[in-house]
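Each of the next two complexes has chain A plus one other chain: chain B in the first, chain C in the second.
So, the complex of A and B:
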């Protein structure tokens, strides 16, 4: 055996076993994170903190799912917020009008989201770059306009009023604040774990190839359209789950959930946290919500402050916070290695 | 066997490929030459599905490829490398190879397992070894030298086990020494892999040295086909493309 062959024989199995082991490590980290979040209500009586985590769960799922499109596939969607709104309205309407159990309504909402995302995605993913971005935005505005104008179903600009029924299931009562908090955390952790699996699967690497060079990807036998449509629908499902958490949290659904500003916030969160690391959008979510909660208390010029923060990240760091931290750590490690 | 039958493609009033009929025997090595704008790259784009022909047939072992999508054509066994190295800049050499084998094994959509898959390993290793990229397996593709990026581009086509490999100017943008290294590698691949190789090349010294068969295109038409000696002596080729430098008398 030559030296090179010996090196190959050693390196490849190591990489493989590392990648398979990483799945178990991810599960362990997720369980640990869930355990920490679950004991939080016992450590603090702060309702505001629990509310903050619930909002983080909703927007974190939404923003991380957007990063599956933006960071992993190179599809910059300006209309991803439509699925957040669809989740909130779909779940709210099913609960208000049918009285189905919560888990059934949850699954039904995801089925509806899948169907709508498949139709919208089939049209949008054929388009490239800015055309894709603006057509997704157009679909979002179409859905927002439908919500506003279909008053008999959606309540128009008043939203779904009267609260969303939350009958108990399997001993879980979502009208109980702690139960809602634990359920939101569970959905967040499971959602992140599933998205992590997507990112690290062969399909995740197919998405990276499409992002880097879609033409070349098609010349190695990848059906680019199908792969883009698949991730578009999967991302919609996680965004919709974020919307469901939000609907449960506010016990209603409002047109703002499907407005373009939700998509804008998703893009902003990704810019803040960074798109090259899996947890970047989650960090961005926490940052944005902290900024939101503190700045709005201090000044009415919330938009100006956020604009300055965006400029700092876009022009100052030229990357998101997690991108910056990871690069800094890599440089430091390489430096000490020398 | 790759058979091209009456293949035509026009862009507006310009006939980029004009009624081309050609046969490429199994295991042959053929150079496609011609002046700029002769339609060489268009010819490759038609065969690989990047462009849809206006008329004609592209038969690979009797199956018509004309009008099919690039992924379909790749799965039938026609691979290609590009004039400008077409790679995945953010992936490492090894990831690129493993992901390409995944795609070839119809596992590109697998969601429930982690990358890389064990069953993709051997083929990826083999392709990296063949192209001399095994020692650079952990390098990010964007950081490779121009020559290595071209090799990676060829490796991407080769790892799919093609029956026919089309190389669009494999030596483009390289220095003299690097060009010869690359072309030696192409010849070595042809000899060891027993596949049909068709390549576009502008350097006539390279073409006449390694290609047993040459096709000359001019204004989208076939001007001549034959052995290097026959092409050197062909008056039409000398007038349209070679000039006097490479004709038979000059070679002697």
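So, the complex of A and C:
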């Protein structure tokens, strides 16, 4: 065997080992992040900080899953919040009505979400851009109005009240604040890791291709409809998980969780953080929640302030913060290399 | 949950009085929706932008009309103020903000509109307060209702339907027959060529946006005496008018008219037969249309 042949033979395993290695790195980063989050309660006694991280977990999962649709597949969903609401209501109702153990209720909620997302997705993903955005929005409003009018099941505009029972399982007691915190962090880290795997898989690259040129993708034999539907359902599952965390956190579910503004905020979080990087939506979540908490403390006209910030990003910067940082870093590196 | 009240529905269909009353109320809902939806569809047809903040123009039209009516006491002036004020607002909104995001992706356009939905709602809350307001029926229309085949029809309803129909005819003829209508249609088709022929496309865009805003404002002003006014009132109207444009076909004025009347009738008769599922019925109808005809009933382009 000549040296050249040996080199060629080594190329394929090398690519595989590279992707294998980047997967290990992802797992390591996830473990490190979880470790940092897990020792946080020991360092600080601040309940407010832990609450903040729990809310970040709920919205972070929701926003990152939306980015799988918006950033990776080019599906601008304006109704993704319905799955957030669905998760919260589904989980809350199962816990209140059946008294099943938490993990069973968790899985059952995800199964329900899968079924509903598959039906809605099958109708929506055939539509292009703006039609897709508004028909998903219409479904969101349908679910919201169903929650409002089906008073006997959902409690109408009062929401699910009376608290959600949280029986202990495997030694985890979710009514304990620290246990709830650790569980939320674990769900967040696992969820992000899974979504990262989806994004970096061959399927993830298929999605990018569909985003860039759906016609060409279908020419080389990709079933575009099926790929879009798959990612629509997968993203719904993670959004639903975010909703479950939220329901556990507030021990209830409210119609606002299924209102269109949740979807609007999700889109904005993605814009704020940037859709080109995987962690952009997570950065956006933290920024929006900080902004949210600060502004609501200072003024009752939250909409005006938020609106102006959105305009600054949409018209002024024209990209998200992480996009901006990545570009700035790339420019700096190129500059120093020359 | 009581979903279906079939007795109420068949009972109504059997009586001419109920039929007339429900049909009129369906027309009222439909005509208001048409005025909002036609602006939405026009703006989309020419600018290729879905004006997500279009509901705000409806809201401002109603509030402008209420204030003008309280100050001057003249109903005609109130309608004029509602329409003219929102036309101006539309022009400024398009020239200053929307014109900056043409050509960028849908996400940017949605975000700019989303920002203005939030801002406009809060501006209304600042100026007029967060509580429900009511303009009250003008004295000229506080007369005995008409009885048509036993059904009760307030005269104001007839005026409302009449004004909307006149607007539809003027708009349709104006776009089809006049020179400016031809220029607008040409700009929708090929803005680059229109611009090369020495026509100011920026002016056309601003004008179309002002026209769309004016129609939505007129709808709000007409609705002010019969509906309650509240910040955020525009959003449900926006969703419904979007359903109308999807059913009728994006960019088609006739489609918007037919779609609006259909939705009006569904709402009016659905509230009898399906009291808790009236909104669901609309969405269901939209889904059926979209699945069978993805471009809508009168849409030409492939969606």
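Definition applied: the second predicted complex is superposed on the first by the 322 of 338 C-alpha atoms of A that agree within 3 Å, B and C clash if a C-alpha of one lies under 4 Å from a C-alpha of the other, contacts with A are read in each partner's own complex, and residues count from 1 in each chain.
Assume a residue touches a chain if its C-beta (ideal position, glycine included) is under 8 Å from a C-beta of that chain, and two chains touch if they have at least 3 such contacts.
This structure is a prediction, so every number in the text was calculated from the model and none was measured.
**Q** So if we stack both complexes on chain A, do chain B and chain C clash, or do they fit?
**A** fit
**Q** Which angle, to the nearest 10 degrees, do you get at the Cα centre of chain A between the Cα centres of chain B and chain C?
**A** So the angle at the centre of chain A is 80 degrees.
**Q** Looking at A:333, would you say it contacts chain B, chain C, both, or neither? Reply first, second, both or neither.
**A** neither
**Q** So, A:297: does it touch chain B (first), chain C (second), both, or neither?
**A** A:297: touches no partner chain.
**Q** A:223 in the overlay: touching chain B, chain C, both, or neither? Say first, second, both or neither.
**A** After superposition on chain A, A:223 lies in contact with chain B alone.
**Q** By the touch definition at the top of the document, which applies to A:306: first (chain B), second (chain C), both, or neither?
**A** The answer is second: A:306 touches chain C but not chain B.
**Q** Who does A:200 touch here: chain B (first), chain C (second), both, or neither?
**A** First partner only.
**Q** Once the structures are superposed on A, label A:20 by its partner contacts, choosing first (chain B), second (chain C), both or neither.
**A** It touches chain B, and chain C stays clear.
**Q** After the two structures are laid over each other on chain A, how near do the C-alpha atoms of chain B and chain C get, in Å?
**A** Least C-alpha distance after superposition: 13 Å.
**Q** Can you list the chain B residues touching chain A in their complex?
**A** Touch list, chain B to chain A: 48, 50, 69-71, 74-75, 79-80, 82, 86-91, 94-95, 98-100, 102-104, 107-118, 121, 125, 129, 134-135, 137, 156-157, 160.
**Q** Would you tell me which residues of chain A are touching chain C in their complex?
**A** 70, 76, 78, 123, 126-131, 133-135, 137-139, 141-142, 145-146, 149-150, 152-153, 260, 264, 267-268, 271, 275, 301-304, 306-308, 310-311, 313-315, 318
**Q** Touching chain B in the complex: which residues of chain A?
**A** It is residues 4, 8, 11-12, 15-16, 19-20, 22-23, 197-198, 200-206, 208-209, 211-213, 215-223, 226-227, 230 of chain A that touch chain B.
**Q** In their complex, what parts of chain C are in touch with chain A?
**A** Within the complex, chain C touches chain A at residues 1, 44, 50, 97, 100-101, 104-108, 110-112, 114-119, 121-123, 125-126, 235, 239, 242-243, 246, 250, 276-277, 279-280, 283, 286-287, 290-291, 294, 303.
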